[in-house]
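Shared between the two complexes below is subunit A, which has subunit B as its partner in the first and subunit C in the second.
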Partner chain A sequence: MIGYLSYFKTRFNAGLQYKVAAVAGLLTQIFWGLLYCSIYQAFYSNTSIPDISFKEIITYVWLNQAFIALIYINVKDVDILKSIVDGTVAYELVRPYHLYNWWYIKLLAGKLSSCLLRFGPILLLGFILPAPFSLSLPYSIISFVLFLISLILGTILLCGILMIIHSVAFFTVNYKGIFSISCQLMALVSGFVIPVPLLPDIVKKITYFMPFRLIGDLPFRIYSGNIGINIALMDILLQFIWIIIIMIIGFSLMKRALGKVFIQGG
Partner chain B sequence: MIEVKHVSKTFKVLKRKEGLKETLKAFIKREYKHVHAVDDISFTIKKGEIVGYIGPNGAGKSTTIKMLTGILNPDSGTIRVNGIDPFKERRKYVKNIGVVFGQKSQLWWDIPVIESFNLLRDIYKIDNNRYKKTLEELVSLLKLEDIINTPVRQLSLGQRMKCELAASLIHEPSILFLDEPTIGLDAISKLALRKFIKEINKTKKVTIILTTHDMSDIDALSNRVIVIGKGKKLYDGSLSKLKKDFGGNKKLEIIYNKLEEIPKDIKIIKKTKNSLLIDLDGKNSSDVISKFVNICEVKDVNIYEDNIDDIILELYKEYNL
Partner chain C sequence: MKKYFMMHLKTSLEYKVSFILTLIAQLINIFASIFVIFSLFNKFGILKDFSLNECLLALSIVDLGYYYAEFIFRGFDSFARQIVKGSFDILLIRPENIYLQILGSEMEITKISRLVATLGVFIYAVIINNINFTFIKIITLIIAILGSLFTFASLMVIGAGICFYTIEGLEIVNIFTCGSRELGEYPMGIYDKKLKRIFTFIIPLACVNYYPILYILGRSDNILFAFMPLFTIVIIIFSILFFNHSLKHYQSSGS
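Up next, the complex of A and B:
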């Protein structure tokens, strides 16, 4: 346990080294935030959508940009993939820890440190922006608490999903194709590109059978009150269930991979 | 201590032929070929030994090391180290071993060396006082004082390899596996590394299993060698016996001023205007020299002994590798 904790701290600190990347990321996120705001303004000026109001959408946009590090699926961990491809993973196997936990911690620490470097300035900007584009305060205190809980659970779920995607590298020679395609599709049905309430009905129905909307879409809509407390509690329960399912899949996938692994070269 | 009995490992390798037609065909029917990386190998190693494990590229050295370290599961046969099955009880087993793969790095590339060591302390749950003592020892033996606070990515290969060795020993393992530890190192680093390996073997009684292509490593370090080729064990025994059986050829070079007639019953390898290279072929060198002294004016003599590279080549030739 102490080893895992120590590794988390080390990875978290190492992640905080990348300040230039964080500044670059910040600027990108602010740009996208403003762009999305303008698009939705144009969109909402002619229509009204009963599922989600303009104010809720703007809040969604800024939260999405502020917490992008915690919810964005399409980020590979180059160290992990490289170690699988070039065989450095051999070293991980001569250590007294379980590889699943180890890599999970690396992913989680990376996400948290990356988020810590970015979310403050974006939230601040969102709050000080003038009226139509400004980030609203949480709908209620209970909504805010549930938002925090579901955001944390969403991040835990995301790392579990990423573990499955990364494990695939054990089974293929070139992971890049499968990685890009699956991540794009998952981003689409997670509400990252377009919030789930704005998706076509058929796609919306599909998202409810998948875990991806529980990563970011759920917490952001709880925050703005778009999802009420009762449904929020049900969805948080659903997050727990999906976390267990995803972790069991990832764990057994890795077990299978390590059973048949052969390390090439050297 | 280490017991390996009739261990085999076969890999299934996809056969890929060239050409578009063959590539398309491979979509429907895949052909595999079976590579016997390790084929029925047995040996035992006692505590405190240094064993050199050598063989040509692709002989199965690394596969054996990976089975001994619990990374790979043998297809058949058994491996027991102090009674433990390395693969089945991997996490318990690895607490007691240190591993260095010369071509890979176990240090975290984006953090300073000392932080990697501290992390290893927590991974192996080493008592802090004990850790400090071991670290101090390793740092002074390997002269790491100046580089321990440098991020790993900024180290030279020689410096990094020293740190790799230190990292593999920080939890005081009783067995150390070194897979090509001197690959790519310059002469000074090699010597320093060898000295260190000898030292820890002597003072800490660490059992060391070493694979290498650099025969001078073996010459300097181990008294026992296991030679494998094409997955099979070819030789297991002392280095001196190997030298005697497969080498031991001494050559004599005589440089002279004027020679009228070459004595009979002498095997000549090379002849120039004023020198002769002779295969001694078991003869006493002083006898041969005195023969020459009697018939000509000998200016200088040199005796060459087969070095270990020649011996290994001889051995490979014998087994058609």
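Up next, the complex of A and C:
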């Protein structure tokens, strides 16, 4: 356990070193935030829809940009993929820790450090922006607490999903294409590309049978009050269930993969 | 140019499964942006006074320009890598035109799927809008697409020019190309005045996806709108001058 903890600390601190990248990322996120605000403003200018209000959408956009590191699916961990492909994974296996936990911690630490470097300024900017584009305060104190809980659970869930996709590299050398295709499809139904309430009704129904909307869409909508307390509690329970399912799948997938690993020496 | 193309085609085809998977991945990218627009119109019905079909025309003009520019001018788009590696020096000592060499230095064959897909969207948009074609409207459409292509190309060339000073690639430049495309997928007229001005006079995308469309769709008889795409010449000339000027400042990073 201490080993895992100190590995987490190392990876977390390593992540904090990329300060220049964080500043560049910050500007990118702010730019995209403003861009999406402008697009939604145009759509909402002469129509309003029952599913989600303009104010809620703007809040959604800024939260999405601020916590992008925690919820963005399409991020490869190059080290993990490379170690699988070129065989250095053998070194990792020598360690007295389970590889699943080891890599899971690496992914989680990377996401948290990268989020920590950029979420503050974006939220601050969101709050001080003038009226139509400003980030609103949480709907209520309870929804803010539930927002925090579901955001944490969402991140845990996302890392579990990423572990499954990364394990694909054990089975095929064409992982790049598969990775990119699956990530883009997942992003489409997770609310990252377009908020779930704005999806066509049929697609929206399908997303309720998948775990992806629980990553970012759920916490952001709890924050703005678009999802009420009761439904939020149910969805948080659902997050727990999905985390368990995803972790079992990931764990057994890796077990199968490691059973087949053959080290050629060299 | 043809030699460069064949060379890149052959390398890609060496890995067949990977090639096909990447093709699909590229297509999903286009599918995603169309899907978003369909979803939004499914909810909202109308965007200011533009219908879905009219938006698709604006989208396809910008996307055609962007994806074709990305394909043809890829060498400029990823120019930073050449500067960092120092491989740009090799290009300089060859007795060939420098622009042609940068163009040929990199090409992603898999992106052809995007070119075909955007062309499909464009043809669909033209048919579905029932345009009353006149000679001028055809000319307008052609110069709009070319204008869009060269606007994005100019942004990439300017980005490459900046690399001479910064030595590393700047994400900021990427924001301008990708961001402009994202905004340009809707007719520029829907945005507020300031944004519209920026995209008319600085990055002239409104000149290719808004004013000419008004003319083509018969919303406006203003003949000036029909020839607005010609205004993109300003940014083209600026980008070439800027690149040439920066080139003189080039100091090799060694390797």
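Keep in mind that, in the parts below, the second predicted complex is superposed on the first by the 263 of 266 C-alpha atoms of A that agree within 3 Å, B and C clash if a C-alpha of one lies under 4 Å from a C-alpha of the other, contacts with A are read in each partner's own complex, and residues count from 1 in each chain.
Note that contacts are C-beta pairs under 8 Å (C-beta built on N, C-alpha and C of every residue); 3 or more make two chains touch, one makes a residue touch a chain.
All values derive from a computational prediction rather than experimental measurement.
By the document's definition of touching, of the two partners only subunit C reaches A:I181; subunit B does not. In the superposition on chain A, contact of A:Y97 is made with subunit B only, not with subunit C. When both complexes are overlaid on chain A, the residue A:D51 reaches subunit C alone and has no touch with subunit B.
More residues of subunit A lie in contact with C than with the other chain of the pair subunit B and subunit C.
Contact with subunit B, but none with subunit C, is seen for A:Q17 once the two complexes are overlaid on the shared chain. Of the two partner chains, subunit C is the only one touched by A:I194; subunit B is not. Note: no residue of subunit A belongs to the subunit B contact set and to the subunit C contact set alike, using the contact criterion stated above. Residues 2-3, 5-7, 10, 13-14, 17, 86-88, 90-91, 93-98, 259, 261-263, 265-266 of subunit A touch subunit B in their complex.
Across the interface of their complex, subunit C is touched by residues 24-25, 27-28, 31-32, 35, 38-39, 41-47, 49, 51, 173-174, 176-178, 180-181, 184-185, 187-188, 193-194, 198-200, 203 of subunit A. Listing the residues of subunit C that touch subunit A in their complex gives 15, 17-18, 20-22, 24-25, 28-29, 32, 35-36, 38-40, 42-48, 170-172, 174-175, 179, 182-183, 186, 190-192, 195. Looking at the complex, you find that subunit B touches subunit A at residues 11, 62, 66, 69-73, 90-92, 94-95, 97, 99, 101-106, 108, 110-111, 115, 118-119, 122-125, 179-180.
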